[in-house]
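In this document, chain identifiers A, B, C and D correspond to the written order of the chains, with residue numbering beginning at 1 in each.
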Amino acid sequence: MRRVYLDHGATTPVRKEVIEAMMQVHSEVFGNPSSIHSFGRPARKLIEEAREKVAQAIGADPKEIIFTGSGTEADNIAIIGGARANQKKGKHLITTVVEHHAVLDAFKSLEKEGFEVTYLSVDGEGAVSVEEFQNALRDDTILVSVMHANNEVGTIQPVEEIGKICRERKILFHTDAVQTVGKVPVNVKEINCDFLALSGHKIYGPKGIGALYMRRGVRVQPLYHGGGQERKLRPGTENVANIVGLGVAIEHAVAEMPAESARLEKLRDRLIEGVLGSIEETRLNGPRTKRLPHNANISIEYIEGEALILSMDMKGMAVSSGSACTSGSLDPSHVLMAMGLTHTTAHGSLRMTLGHSTTDEDVDYVITELKPIVDKLRAMSPVWER
Amino acid sequence: MRRVYLDHGATTPVRKEVIEAMMQVHSEVFGNPSSIHSFGRPARKLIEEAREKVAQAIGADPKEIIFTGSGTEADNIAIIGGARANQKKGKHLITTVVEHHAVLDAFKSLEKEGFEVTYLSVDGEGAVSVEEFQNALRDDTILVSVMHANNEVGTIQPVEEIGKICRERKILFHTDAVQTVGKVPVNVKEINCDFLALSGHKIYGPKGIGALYMRRGVRVQPLYHGGGQERKLRPGTENVANIVGLGVAIEHAVAEMPAESARLEKLRDRLIEGVLGSIEETRLNGPRTKRLPHNANISIEYIEGEALILSMDMKGMAVSSGSACTSGSLDPSHVLMAMGLTHTTAHGSLRMTLGHSTTDEDVDYVITELKPIVDKLRAMSPVWER
Amino acid sequence: MYTDKVLDHFTNPRNVGEIEDASGVGEVGNMKCGDIMKMYLKINDETNVIEDVTFKTFGCGAAIATSSMSTEMIKGKSIDEALNLTNRAIADALDGLPPVKMHCSVLAEEALKAALLDYQKKSGKNLGLNEDDFEDWDEE
Amino acid sequence: MYTDKVLDHFTNPRNVGEIEDASGVGEVGNMKCGDIMKMYLKINDETNVIEDVTFKTFGCGAAIATSSMSTEMIKGKSIDEALNLTNRAIADALDGLPPVKMHCSVLAEEALKAALLDYQKKSGKNLGLNEDDFEDWDEE
C-alpha cells in the first residue's frame, strides 16, 4: 500500500544530513561542553557553531540564541519568564485565542499568579486584527504574544505591525514561529520581536530541541535552576547532538525555502481544489492566500475527525484533525471554534500538511481515496440526510 | 599520545547499542507520538517500552516514570513542583549543603518564594547525619531532598533511613540518583523515596534526557505548560530517540553493574594508592569505602585545580576539579568547603572518575605522569616552600 | 492505542443503517465531544427477542466500534439481556478501550437504552426504564 | 576557551622563580578564587631599568599565563613603562582572555604594582604609588 505522510505540521522526518551530523557527535564528541579539557572543548565549539547557524537563519546575533528542550520550553521561558521579570511594570498581558497550547497554557498559569490576560479574537479566517490589538493595549501592558502562523489552519498573522507598536511602547513582544521557520521568511528585526520560539522537529531536525531568540538586553526570570548552561535559562548538560542537529536542519530549511515553499504551495492548491471539487459540503478553513504554503485544512461536514484519520490511515494516509498535540483530548479544536465554526463542523476537520516527501502522485492518491472514505462515514452518520 | 578519559562523572561516551537504537528511531520512527495514525503509533510504543525499562531498573511501576529533558529538570520538577503543590501543608524544606546545583539552586529559588530551607551539614567525609536530619524536622516540614551519592567526592548518603523517617511522617522525600544509577543498586522501594531523579548521559546514554520517578499518588505543580505529554509535567513533543536511548542505556547499565562496579573499584583503589603514595601532601577527599566505585577525589596541596586539569589535558588525561558543571565559576567547590577543607586545599582538588574504557594501563599512566606535572606546578607556586 | 478488535469493528462496522418500521429508536449525544449515536431496534412483540438492530453514528473510532459491537451483542437476544448490557461489557468485548475513550462505550449503552425506552413507550410494556436515569450516564 | 598564546605561556611559563636579592617583591591574592601571585623585581637603581623579573603563582591557567606574559612585557623596560602596563594590555598580548578570566589579568597587574610599591618603599623614590590604590584593583 502507498504510504502518504501529510502530517508535516505535527512533525517531520529527520533529514539525512541531520542524522549524520548527530551520529558523529554521539560517537565522536561525547565530552561535556562545560569541561575545559580536550574532550569537552570540541563539544562547546559545536554548540557555538550551531548557535551561529540558528542566529543567521532568523537574522539574530548568536548571543541572542538560547537552546531549549522544545518549542514549548522556548514559549514558556519567553512568556512566563518575561512576565515575571517585568511584573513590577504592570500586570497586563495580551495574546490571541488561536495560540498553540504551549502559549495558551502558559498564559493560563500566569492568570493564576495574578496577571490579567486579554485574548484577542480572530476573524473567520483565523486572523487577528491590529485594531483590536491596539484597543486592547493598556498602560500596564508588559508583554504580548502573537504567533507568526497558526499550526492548524496556517493563517499568517500581522506580527510585523504588532511588533512595531509594541517596540514603540516598550512592551515585550513574543512570537511563536514554530510553524513558520523554513516555510516563510522569518527575521527577528522585521518582526520587531523581543522573543521568538522555534522547534527542531518541524524542520526535519530532531525532536526534543528548540531555540529561543531573546533580544539583547531583554531579561527573563528562569523557570528551572541549576548549572550555568544557556545563560542559566536552560540549566542542565546540553543536548549537544540535538543542538548540532538543529543547526544543520535550520541551515538547510532556510536555504531551500524559496524553491520548496513554491513547490508545496502548488501541490497544496491542487490538493485543496481536488478535495473541495470532488466532495460536496466541504469548506476550506483559513485564508486562501495569506496562509502557510504547506497547510490545507478542510472541514468535511457530517463526519468526525478521528474516524476520518483512522480511515485514511488504513489507506496509508497520515493526516491530522485539529492539532496532533492535543489529540487524546476530546474537545474540538479551539482554533476552529474561535473562527466561528459549529461544534460539528469543527469536529469534522482534516488537516493535511505537506512536506519534502510530498509528490504529485501523493496528491492524486488523496483526491482519489478520500471520497469513498467520506461516503462510507457519511453513510454511517445520523446527521447526513441524503 | 595516550588519551585517558577519567571524567565519567561529568559525562560518559554514548554506548554503541544506544547510538544504534537512536539512529533507528531517527531514520525509521519519525512520527509524533501524539499522532494516532500509523506513523505516530510506533513512536508511542517505543516510549512506553523505554518507560518500562527505566521503571524496571529502579524497581518502579512504568506509570511512575516521567521523561524529562535532563537530570536537572527532574530535580526541579520534584523539588519546586513538589513544594509548590504542598505549600498549604507547610513551608519548611530540608536538603543538604552538598547537593548538586540542580538541587541547591532549586531550593534557593523556593526561599525567594517564602519557603524556609534547612541545609544539613556534612562531616569531614561528606556524609550527612541522620540525627541532625531528625533534629531538623519540624511540624511544617513538607519536603526533603538528599542526594543518593555525591557527584564530587562520591559519598553515599543514608537515604534509606532518611526516606523511612519521611515516609512515616508523610513528608515527601526526593533523592538525586544521577550519580548512582548503574554504579550501586538503586531501588525506589528500598530508598523509600517519593521522587528520584536520573540522567541519561551519566550512564552511557545520550545527553538531554532524564527521568523522574514520582510515586503513585504523589502530585506536583507543573513548571512548564502546554500539551499533555508526560502527564502534563513535561509538555512538548517527546524526544523519542533520546527516550529510547535512555531505555537501552539503563538496561545495560543495571545488567552489567555488579561486575563493572567491582572492576572499577579495584582500579580506583590502585589509582588512589598510587597517587597518594607517589606524591607528598595529598589527601583523599570523601570516605575510603562508602563511596561510589568509580570516584577518586584527591586534594593536591599548593596547586590550583584548573592549572592541574590543563596540564593533565596536555598529557592526554581528561579529569575535573570540583564539578564540571560549575567550571567557569571561580569559587572553590562548595562540597569540599562544606567538608571543612581550606580554600587552598579545596582549590587543588582533582576528581578522577573511571568508566567502561578505563584500563590498568590508564591507571599506570596517570600514576606515572601526574607526579612531574605536580612538581612543575608546585615549583611555580608561591605557597610551596621546599 | 486501539485494539485489533476495535479497528476491525471500526473498519467493518456491523449493522450500519436504519430500520424503517423500527420498534424503538434511540438517539443520544455526548455534548462533550459533539458526537451523536442513533440505534434502531426491531423487536418481536410476542417473544421479546431483538430480531434486528442497526445504528448510525457520528463520532470517533471508538464510538463507531462500540456501536457496532453493541449491535452484535444484542442481536437475537432478549430485551432483558439487552437491558443488562453494560458499557464495560462492550469495551471488554472489544478487548478494551483507552481510558480516555471509555466514555464512548457509555454512548453505545446509552443509545441502546434510549431505543428500549422508546420501545417501552410505544409498546406500553414496562421495562423498568425511566426517562430521568439518562442523566447519570454522562460519565463513567 | 584559551587562545594558543595563553596555552603556550601556561605550558612554558617564562621567568618562573624567585630573586634572592630582589629590589622589590609584591604578593597579591584574589580572595574570590584563593589565588596568590608573587612577583620579584631586580631594578637598576641608576637607570631605573627592570633588569630581571620573576614570578610564582598559585592559580588557574590564565593566572599563570598572565604572570608569565607580564614578566616578558616589562623585562628590560623602565619603571615608567612598567607603571603603565594595564591588565588589558596583558590580556591583549595573549590574544585575549575569556570574559570570566579577565580578573586573572588584573591579578598580574596588581602583583607588578605591589612589587613596584615595595621598591618605592625600599628605595625611597616616589613612583606615585599609593598603598590605598590597591583596593580598586579587585574588579575590572
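Everything below uses one rule, namely that contacts are C-beta pairs under 8 Å (C-beta built on N, C-alpha and C of every residue); 3 or more make two chains touch, one makes a residue touch a chain.
Which protein is which chain? UniProt says C, D = Fe-S cluster assembly scaffold protein NifU.
In this text the structure is predicted, and so the values were computed from the model without any measurement.
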- [ ] Could you give the separation in Å between the centres of chain A and chain C, each centre being the mean of its C-alpha atoms?
- [x] 40
TODO: Let me have the rounded angstrom distance from the C-alpha centre of chain A over to the C-alpha centre of chain D, please.
DONE: 55
Task: Mean-CA-position distance for chain B and chain A (Å) - done: 34
- [ ] List, in ascending order, every residue of chain B touching at least 2 other chains.
- [x] 36, 306, 310, 328
Open item on the list: Tell me the shape of the graph of touching chains, choosing from line, ring, star, complete and other.
Closed with: other
Task: Listing of all chain pairs that touch each other, if any do - done: A-B, A-C, A-D, B-C, B-D
TODO: Would you pull the chain D residues touching chain B in the complex into a rising list?
DONE: 2, 7, 10-11, 13, 16, 27, 32-38, 56-61, 63-64, 100, 103
Task: For the chain B and chain D complex, residues of the former touching the latter - done: 302-307, 310-311, 314, 328, 330-332, 343-344, 346-347, 379-384
Task: chain B residues within the chain A interface of the complex - done: 5, 7, 10-14, 18-19, 22-23, 26-27, 30-32, 34-40, 69-73, 75-76, 80, 100-103, 105-106, 108-109, 199, 201, 206-210, 222-229, 235-242, 306, 309-310, 312-313, 317-320, 324-329
Task: chain D-facing residues of chain A, complex - done: 36, 41, 44
Task: chain A contact footprint on chain D (complex, rising order) - done: 1
